[in-house]
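I've put the structures underneath this note.
In what follows, subunit A forms one complex with subunit B and a second complex with subunit C.
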Partner chain A sequence: MTHASVFRGNHKCTTMRTPLASRCYSHAKVETDEEFDARWVTYFSKPDIDAWELKKGMNTLIGYDLVPEPKILDSALRACRRLNDLASAIRILEAVKDKSGPHKDIYPYLIQELQPTLIELGISTPEDLGMDKL
Partner chain B sequence: MNMNRETDRPPVQNSTMSLAKPAMRGLLGKRLRFHLPIAFALSLVAAAAFKYGVTEPRKQAYADFYKQYDTTKEFNNMRDAGVFESVRPTGE
Partner chain C sequence: MVVRVLNLNQMLHLTAGRVGGLFSRRAVVGLTNSGARMSSHHEVSDQVDMSQPMYWDRLDTPLPDRAWIDVLDSKDKSLKQKEKGPWTALSKEEKIALYRLKFNHTYPEMKKPSHEWKTVIGGMFIFFGITGLVVFWQGHYVYPPQPHTFGEEWQAKQIQRMLDMRVNPIEGFSAKWDYKNKQWK
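On to the complex of A and B.
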């Protein structure tokens, strides 16, 4: 893992569409969005992932300036299934909703994309459980 | 496989059933790139407004007051009012 990729989203370039891990002065190799996504899908796909790695992975992922792609979330939800951790699965959904901030179109899109996975794994959304209301 | 985030979303929604993919990366960076220069500029404006609206008039008011200030006359007024311990009012 390159050092630059840890500080994803912290780039100093002012050009509009640089990959997130680029800095104007660093010689580090720039990681593309696809490489980033693939790396995280692989991380959560580890068959014997443990609870700590799941939590650490999610916390690190949530720290980035992005909302994780559906395929990363799918991999994380399957890791929750392997760990028999329904609570974390629902928490992941809450986290990405919060991560979207004011952009209210992201969460419905994610739920739409994750619907097959949610049905297969039997995960209820926070909305199903009435947990989205205070 | 697109490498360019500009093509993240398809140009139109597929149907009323299926949502288009929204932008999901760099949202905070975009917000900061927009708001931080404005915040910086507004802070400078606020500082300039305070300097030229408050501190400079205040300094001018003090300067104007002391330009015509007669120290001897004011000293004698204070002396006759009896506020000093080192000198008694004139006539005592």
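On to the complex of A and C.
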């Protein structure tokens, strides 16, 4: 019978029953998806966030191998509102559409989820402005 | 200390004497026009000040360090003031104008395919062609005459000799010759 702690990875190598199979993997805790999302929502929710922090946050987020959840984008768009930066808000929408790559159904889902925020803040999508065409 | 640097023009005249033939003469003619210009060209044009925040259009970095248009005229300034209010009050044209102030290319414009590949393929074929001409010229002017052992008569005698010797009679050369009917199998 294996201990539950084996799966959580917070045991020492020496207490394992079969030393032959002992591996030196990292014992660091892996962040869950919910923790990741919460961290980023908190980041963009800072009331006095400045322009640099917005840029740094967005550029880092787009650098990850994932499309951000609607709640993160919502937080980022509200940060744009606090910074009076409509252009960056539209740019963020363009960036996540590009991030979706070949998965064409992600972006419409994001827009659908963000619709209340977009209407509330008055952010037009690139499609609304005709900027999704050349 | 005096350093004598030869410009391209002078260098070509030195080498032209050694290499005869069509190609080098054509090259000298093509490049002498630029020779005079090249000898006077010292400065690098349009250096970017890397100590200032830069603008860029990158798919993987959506928000650059600075806006596209930094110096705003009064119309832009008033638009920027309006941006501080509710965005629902902005018209579509105003929203587009705000975007264009901050950014140069949209994502679709960044991703627009160019015609560069045609230049690349075309350049490749031109160089293949020039190389072909060089190889042809080389075959005509450079290579010594073929050894006499390549001649038809010599080759025939060589093959006959190999067959007489029974070269590789089991699986190779002579195995393919039908000795009875004096022909290849």
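One rule holds for everything that comes next: the second predicted complex is superposed on the first by the 110 of 134 C-alpha atoms of A that agree within 3 Å, B and C clash if a C-alpha of one lies under 4 Å from a C-alpha of the other, contacts with A are read in each partner's own complex, and residues count from 1 in each chain.
Everything below uses one rule, namely that contacts are C-beta pairs under 8 Å (C-beta built on N, C-alpha and C of every residue); 3 or more make two chains touch, one makes a residue touch a chain.
In this text, all values refer to a predicted model and were calculated from it rather than measured experimentally.
Novice: Could you say whether A:92 touches subunit B, subunit C, both of them, or neither, answering first, second, both or neither?
Specialist: Second partner only.
Novice: Now for A:84: first (subunit B), second (subunit C), both, or neither, which partner does it touch?
Specialist: Second partner only, subunit C.
Novice: Quick one: classify A:128 as touching subunit B (first), subunit C (second), both or neither.
Specialist: Once the two structures are laid over each other on A, A:128 reaches subunit C alone.
Novice: Taking the superposition on A as described, I'd like to know which of subunit B and subunit C A:112 touches: first, second, both or neither.
Specialist: first
Novice: A:101 in the overlay: touching subunit B, subunit C, both, or neither? Say first, second, both or neither.
Specialist: First partner only, subunit B.
Novice: Please work out whether A:62 is in contact with subunit B alone, subunit C alone, both, or neither, and reply first, second, both or neither.
Specialist: The answer is second: A:62 touches subunit C but not subunit B.
Novice: Using the touch criterion from the header, give the chain among subunit B and subunit C with more contacted residues in subunit A.
Specialist: Larger number of subunit A residues touched: C.
Novice: Contact residues on subunit A for subunit C in the complex?
Specialist: 54-55, 58-59, 62-63, 81, 84-88, 90-92, 94-95, 97-98, 121-124, 126, 128-134
Novice: Flag every residue of subunit A that touches subunit B in the complex, lowest number first.
Specialist: Within the complex, subunit A contacts subunit B at residues 9, 11, 14, 17, 20, 32-34, 65-69, 101, 103, 105-106, 108-109, 112.
Novice: For subunit B, which residues are in contact with subunit A within the complex?
Specialist: Residue positions touching the partner: 1, 3-6, 18-29, 33.
Novice: What does subunit C use to touch subunit A in their complex?
Specialist: Residue positions touching the partner: 59-65, 83-84, 86-90, 92, 95-96, 98-99, 101-103, 106-109, 111-112.
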